[in-house]
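Same chain, two partners: chain A is paired with chain B first, then with chain C.
== the complex of A and B ==
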């Protein structure tokens, strides 16, 4: 009896916490397809707000995809080889490098953005282009790629594979391409999902680095929250959810599969 | 090409990117912080100037309150979910962890839907008590927002820690005559200590440095990130904004370093 009481109490509490997290998201989704939020869902269901968002903000959505893809490309080209080098080399220098590239996670985006602004304010062309936002996203997401790939190197004996291929006469580049990268595939995939998800949702850095001509989706969101009617802001948030939730689910499924191994 | 030089070549792009877009800007930030009229003393302004100090205290109190509330909530829910098996458990876990990657701006908007002028809480309270409760645009709204994005992170850490607990210790305590509360207080909670420190430090650092939520709710909430932002954009007070953000960065970095020394892993202070 006493046990049942405790169980029920805890279950109710947990359900309330879940409601706190889920209900606002539901409100937002429903508001995005409601004719008039003030009068409630009985006023009718419509996609007009979603279309209006597309008319107003299509550019921000496209730019977000461009920047996410470019961030992914840079973190792959830069991050995967360096994860390999850091793992093979080991020792103190590698630990220091890993420590430094992880620092952007511990420092607020606002501080990093200010540093970038102070450093590159004289380079007008770069400052005004979307590449400036890209530089911030790369710094912020790089540690996720490097660490995710390094985690895989820690679990497969990459050194033996590498030495085996070397003893057969393969050049360093061929070994990297044909032995290292295929073995690192799970880490590369997990890291890529993380990089794209974070880049699509990044606001703190981007807000400081953007110009009126380089607005990403989260910047547009902040803009719509401040100046648009609630239905439009909700429809825009709905578009963001539709983009980000499949990535989150993929990440979760991937983590579960890795755990079962 | 020898193996050794290939390894160095692999590191080269990372060295260039990190130096150009992180180390150099950070150095520039530290230098800019000392370029104000007060010079190096500008760094002390965060403690000596009453307005900045008030903002710092506000931010620390808010972060501490967020951390305490999140730990309490996540421990009860996390322990329950890890210790019991029932239908719908997986769905419940998914619901509790899905906001993990929401940006701060979106969380701010969700708080407005909950506690804003057209919000659910105001709607319910005006029907029940004839009084509309609206608190989204204040520090209480910010607290609600930080709770929203801290709970999923902390719950995952707590669940992992509960899974590793030795159930035998609790059984031993019970067989020695300890009641359920005594078992929780003297066996379970101390064993979860490292997880509390680790996830609590992450929640604290995140709440200190987050900017998006405060930005969405109101620009006049007096927390450090908003102060830095207004000093930079409205007052064009570059040296002060740089000095304040170096101070803020040092605090969040120290908190996460503390967390890592307990758990051996680090998590993003995003939001």
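== the complex of A and C ==
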């Protein structure tokens, strides 16, 4: 009896916490499909706001995905070999480099953005292009890629596998391709999902770095809340949800699968 | 696979030492020649430098400046491992989890550009040789320890290496399996006849597998010799105690005899010293009647082992003496017995430093 009481209490508490988090999201989404939010749902249900968002922000949404894909490409090409080098070399220098790569986790996005702006304000073309935002995203997401790949390297004794492949005559490039990357795949995949999700959702840094012509999903969202009617902004939230939720679910499923192994 | 002896390359390491970045001296400069087709065992306790020496020969570590590694008279010191044509079996086996057993064995052949038919033929040959038929398509995590060990060996041998390097290949296995695989490994190495360098801390492995054994201690070579030489004529106290069981006796010498509390024991060899450190193997001591023996003592304990019995005898020497007696004689604790030891079986060692 007492056990049931405790269980019921815990369940209620959990549901309340979930409601606290979920209700605002539901309200916001429902506002996005209501004809007139101030008159409530009785005014009718519509997708017109969603279409309007699409008309206004398709470019922004597209750019956001381009930047996320490019961020992923850069963190893969630079991050995976770096993680390999840092792991195999070891020693104090590697630790220092690892710390430097990890630093953006601790520095506020605002400060990173200011640093970038001060450094590159003279390069007008670069400053105005989406590549400027890309560089910010790469700095911000790199530690997640490097860390998750290094975590896998730590767990599969990649150094001995590398030596094994070397003893069989494989050049460093062959070893990297045939042995290192396949055995680091779980970490690379986890890191990739994280990088894409973070890049799509990043606001602080991007807010500082963007121009009216280079906006990403979250910047567009802030923009729409600031300058459009509430229903449009809410429809934007809905679009944002649809874009980012599958990625979050994939990440979660992946983490579960890793844990079961 | 040809059974003729004398395959592979000869190896010479010359003044090869190793100091790690943190200043640890893992290996004192050492010089060693390994003949073509020979099986050389590097033996010693952990931290003695044996694995470092193997890794220098493999090309996984660079010796300190001044050290040189030669294969068949060619200077290989700065050649990386992937161009040394060595086969290596790692203690953890280092099998690739992303490949099947057959792909693991064939990987070195693929690197060498063999066609898939040639590869398949060679892989089949090695699967038969190492007795792992039926496992070709398994994944590595589905194999037992003993099976992994065989796959690792097959993979190392598949590329027809000039030198086969084995780093404690049996250490990860349980005792019974280790004994069986040791015998198999011995037959396989003899059949291949390839130059082999084998690292172990297990003296039984070293004895069975080695043509010659290099006993190492604290980063330096303590003694090099055949198993018989190392066993019967250890060069110092460390080797004597590390290989097999040994009674170490410190006693004064008089007219070619060790003067002991339980009597006098004649010694062979140079007996002109005033005092000696002597080694006597437990199985070299024969139990005789106390009355007519030059050396006698009291049985302290008897442990029946099966193929023999181990007696601990007091009052014969300054310390307890271990004696291996045949399993048939009747001895009881407290009994007074005589000990007969051939003068040649008493090995005088250089005084401890």
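In the analysis below, the second predicted complex is superposed on the first by the 250 of 261 C-alpha atoms of A that agree within 3 Å, B and C clash if a C-alpha of one lies under 4 Å from a C-alpha of the other, contacts with A are read in each partner's own complex, and residues count from 1 in each chain.
Keep in mind that, in the parts below, contacts are C-beta pairs under 8 Å (C-beta built on N, C-alpha and C of every residue); 3 or more make two chains touch, one makes a residue touch a chain.
Bear in mind that the values here come from a model prediction, so they are computed numbers and not experimental data.
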{"item": "Partner chain in contact with A:160 - chain B first, chain C second, else both or neither", "value": "second"}
{"item": "Touched partner set for A:66, first chain B, second chain C, both or neither", "value": "neither"}
{"item": "Touching partner for A:213 - first (chain B), second (chain C), both, neither", "value": "neither"}
{"item": "Touched partner set for A:171, first chain B, second chain C, both or neither", "value": "both"}
{"item": "Contacts of A:240 with chain B and chain C, given as first, second, both or neither", "value": "first"}
{"item": "Which of chain B and chain C A:41 touches, first, second, both or neither", "value": "neither"}
{"item": "Contact breadth on chain A, by residue count: chain C or chain B", "value": "B"}
{"item": "Touched partner set for A:91, first chain B, second chain C, both or neither", "value": "second"}
{"item": "Touched partner set for A:182, first chain B, second chain C, both or neither", "value": "second"}
{"item": "Shared chain A surface residues [contacts with chain B and with chain C]", "value": "166, 171"}
{"item": "Touching residues (chain side chain C, partner chain A) in the complex", "value": "21, 58, 60, 80-83, 85-88, 90, 92, 94-98, 107-108, 111-112, 155-156, 159, 165"}
{"item": "Partner chain C, residues of chain A touching it in the complex", "value": "91, 156-157, 160-161, 163-171, 174, 178-179, 182-183, 185"}
{"item": "Residues of chain B defined as touching chain A within the complex", "value": "1-3, 6-11, 13-14, 17-18, 20-26, 28-29, 32, 73, 76-77, 79-81, 84, 86, 92, 94-106, 108-114, 118, 120, 147-148, 151-152, 180, 205, 208-212, 215-216, 225, 228-229, 232, 238, 241-242, 245-246, 248-249, 252-253, 256-257, 266-271"}
{"item": "Footprint of chain B on chain A - complex, ascending", "value": "6-7, 10-11, 13-15, 17-18, 20-25, 27-28, 31, 37-38, 74, 77-79, 81-82, 84-86, 88-89, 97, 100-112, 114-116, 118-120, 135-136, 138-139, 142, 144, 146, 166, 171-173, 176, 197-198, 201-204, 207-208, 218, 221-222, 225-226, 230, 233-234, 237, 240, 244-245, 247-248, 252"}
